[in-house]
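A short write-up of the structure that comes next.
Every chain is named by a letter (A, B, C and D) in the order it is written, and numbering of its residues begins at 1.
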């Protein structure tokens, strides 16, 4: 109810502050018998981890996850899976000087109002560090989905003014550059752009795309828990996200019906403007979503703000920060999509397991 | 769990099919003592109602709502409010010819897979007719919010290629044209555009914007139930919506941090790129959201599809349909934003009523 | 959240006041394809209905239920099932004289505090009339369970000082007397007892027992949502219930371990002290629960109380009331057990459908 | 949904197995600003801790709790509170010999069916060791309630055949004997009884009573989430509980209305047969509940059972076990009642904070 849990049958509940003793997560509702070990989760955590290139914050956190429960002899037991990441350098910095300061475009001001005071160390609970636990939980969902043949993959589709070129799209390239760009040439230009931005002390927005493949027809519940509505919820809940699109997204505003509708033939759908969702329910085509991430608010360039006494101040953020939070957001977006899909997989099974449809399956 | 309910403390649960006996809704969690009568809800229902101009479907439904419970002597009692709209012409049409047909870009195909069969009369549960109940429930939320000084208002910001001009923006104009356009000149061009479209037998997308004013600082829960994430969920759950933006939305991709951050002064925020939400929590500024609605799928122009036997067919939709579903979506988007805000108002009060903040309130 | 809904995957939400326009219910989560019509629900409603013998209230309500949605061509569609019972004589009485009065042992006093005012007509929402909707919803659950071979049956095991004799237990007798007593001889004594009680103007408590047969092993979730904990919740939520027992219930306080434990042999369990639940999970044996219902508070014998101004008053309840609410509670208890079992059936399927156990099934 | 969480606005989610690396808990929804440190929780944990007298299991666990999040500078922040207890001796025993064995009256058999396999070490998730986390979470609720003047206290009211005598009732005595008995003389007899029982190798049931004082009028939601229904749920979810009573409980079966009804005078209620709850809502009187706990199933006396292959076996439980689980259950029952009351306190505030009642408050 305080908004720290997500999912209905498969639930992910996180806890922990950026500079508290530890980050934790309880993953509940995972069916028994799934093979699972810590190494299964560490891979995605390492992809999200800071400090792996000069384009992200230089804070070093090993982000080593421990499984505390719910796994026995290498398999899930059906009981809740407790996950823990100890914060190793949480005392390394002195944040007391910002206790009184509201950094523009941060959550400082609103947390102070909502709770009367706040844990100001490194953003406390509002820090994107919390997303490490989502990535770990998403790893469990991905393991389950993989056992059903379902895959989730993401990439950076735009960094500031630099868009990827669909003609050069190569999934294999995504793992080869620090931006998760599927276009090697664009990645090279991003390197140059980010180097300049860092010198300038500024930050920039980004666009991430996520795709799920082999999703069966029928996932998603009509009305409020449509698959796309739950995806929008999950993706908008990622720090810095300001927009979510399914399929063609905002381009549909200027589309005519004849252009948008995905016609069907016995051989399959002829297009996928819908992004794999109709009436809130998966069609069997690829599920496609895009998100917009705002530029980081922590800048070396001074900004106007107020302090807790309401007096005008000038804020300059020193220290280690991501100049483009979008860069590390690809594994987070993948995790959230995986969590949504697993939840709906179980929900559909709970309520429709008796259903046998004589309708052909199209892609 | 089947996705027919929305909200945590203030919950809206709808039921009913397009051509069944009735549409209904249970609104639970409304505090006691709020003045409420059927006329309070009828106004917005009439704004959404079909057949009020030549640009929407010519189906005539009075959409007369009855309050069945939860109101006594003109005030809410704190018990659930049952709402009912009888369908008056549900037997007027013969739909058996489409029982076997999957209309492209409709939910026919996915419902048949998910449930094994479907109520095919007028789209059954997947019909946008369901949103009438959301509008009625939203009316209750708007009454409550108004008692706290909070207002929600929406408008059409784009219809196909025609965008409104901010320079001609006039809130009073919204109620004066059938498109909910705040720009009278744009509305005039929309008339012409829609007349041609109708002749062509085609449909078009649209963009709706919604604004909430006088929202207090502090609504929204960190992490998964951020105010913007819940808004994204609520808005994406409206039929035909393919994209949701908060504040600057997808424009943030190309923004630098210095441009995006909303600086604060003792006199207030200097801008509102964030759309009134930081860290998932309301800032006290206007809450601003935009949605993209796809063009209607029901077209007089033939499209390729398959039937339940998997054979290729040609589909032509006859009868009365909205050529632009976006036109009637403004009251629905307002209703969903009001429902989200009321829910978060109550949640915040439940958990933070003891909080007294010494931080100044800015707009 | 306001407590008008029950269940997680299979949810029952009721609305309506005793003397409002109608009682209603939304049953969500029922799988598609189950045969269902109004007559399926009317049977249990008639068993609960007042006025069928001289031992219950003489108020006459036909309690005719309408299905408003979620059923198409005689089968459930998987969408929410709206149920409605119009109150036919809600304006027949003048209750204004009790608007100001708190009847002892009624909810008048607490409702007035909680909500600031109350719908005082016939108890409003606190009236046991609300349970009619639970019986209707339970009828849907019983239909589903029956398709899986699961049956739920209840009976009156004690009325005031009169206990049934196990030696004369006959399930067929339950339907033959107005008390739901499985012991014909006890029923005869109850007739006499009730006639005297009615003359006296007093009321009496009762004990109801409910049994579910052919429940598969494995229903129920460990820890908080144990099958017995959910049953306790469901049964204690019935008006007038003050105690719930599973299996041997309070008798276990004086039992030794060697007496209580249900030993297992390859041929089955040797006893059922546990009432069919171990560790919160069904064992495959009969599920057995007992409830205690307090005597009705509406008495012709005067009682001391206060009015809304805090002044002492004497209360005498005139009119039509049940002298033993326990008499009509058997169908309600059956309904609540059926609802709990169906919910757990779906929950277990959602999360454990892949499980294959090589362990033998015992009864 | 898997039943490891309890509460709506104030939620407690536990994880961890008896012999896994750790037990954990996430407490969400605690308002900000409550003073809290580990010592606040340790007191109740020590009351529940095994090995403090010869009448409980001799397993030694320090049960030292760590707060991992949600507390900053000695006060709760409003974010989730992560709690952790490391299991210190989880590898000290070899349980592989029971992997294949179903102990009578244990959860072994049902877990194996439900999940296909189970963590058999010390009962895994079904062990009462899980309740340590409930006691810790309950400590947070008790801190909050204390700030509102509300207290929760429990005691052992019966151990096997030995009942406490109300005439010798002394709250101060509860902390002075290992049984939580408020009757010193009964406690002395319990010592003798338990010594004999231990020699015999048998176990015995018990009855625990819990009382909450100074609960305001108005907590609890009508219909399904009545305060008493939620208490029944919470208390029945405690390991080994087979019965729950509110107020007079099963004694109401034989009570007449004139005896049961609690009359009101301007000076207060004249009795408390209802146990402080009418219509599911607190009356302002003491909330009173009783529970029955079955005798431990782990006995040195051999019992008949089957193994995973369905073959008959004889089971003898060696090692350290509680001969009466009821002895240590008092702090657990207190914790569950505190959790329910805090949850309903917040729910009522969220939905009824505007209510002002002119009705007098009675005790």
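To be clear about the criterion, a residue touches a chain if its C-beta (ideal position, glycine included) is under 8 Å from a C-beta of that chain, and two chains touch if they have at least 3 such contacts.
These figures come from a predicted structure and were not determined experimentally.
If you lay the C-alpha trace of chain C over that of chain D, the rotation comes to 180 degrees, to the nearest 5.
Relative to the C-alpha centre of chain B, the farthest chain centre belongs to D. Separation between the centroids of chain A and chain B, computed from CA atoms only, is 26 Å.
Distance between chain centres (mean CA atoms), chain A to chain C: 45 Å. One inter-chain figure worth recording: chain B and chain C are separated by 39 Å, centre to centre, where each centre is the mean of the chain's CA atoms.
Listed for chain B are residues 1-2, 4-5, 8-9, 14, 29, 32-33, 78-79, 114-116, 125, 222, 347, 350-352, 355, each touching two or more other chains. Residue ranges of chain C in contact with chain A, taken from their complex: 9, 29, 31-33, 78-79, 222, 346-347, 349-355. Within the complex formed with chain A, the chain D residues making contact are 1-2, 4-5, 8-9, 11, 13-17, 20-24, 26, 28-29, 32-33, 66, 68-70, 72, 75, 77-82, 84, 114-119, 124-125. Remark: chain D residues 1-6, 8-9, 14, 102, 104-107, 109-116, 125-126, 130, 158, 160-161, 197, 202-207, 217-218, 220-226, 228-237, 239, 242-266, 270, 273-275, 278-283, 292-297, 299, 301, 303-306, 308, 310-312, 347-348, 350-352, 355-362 touch chain C in the complex.
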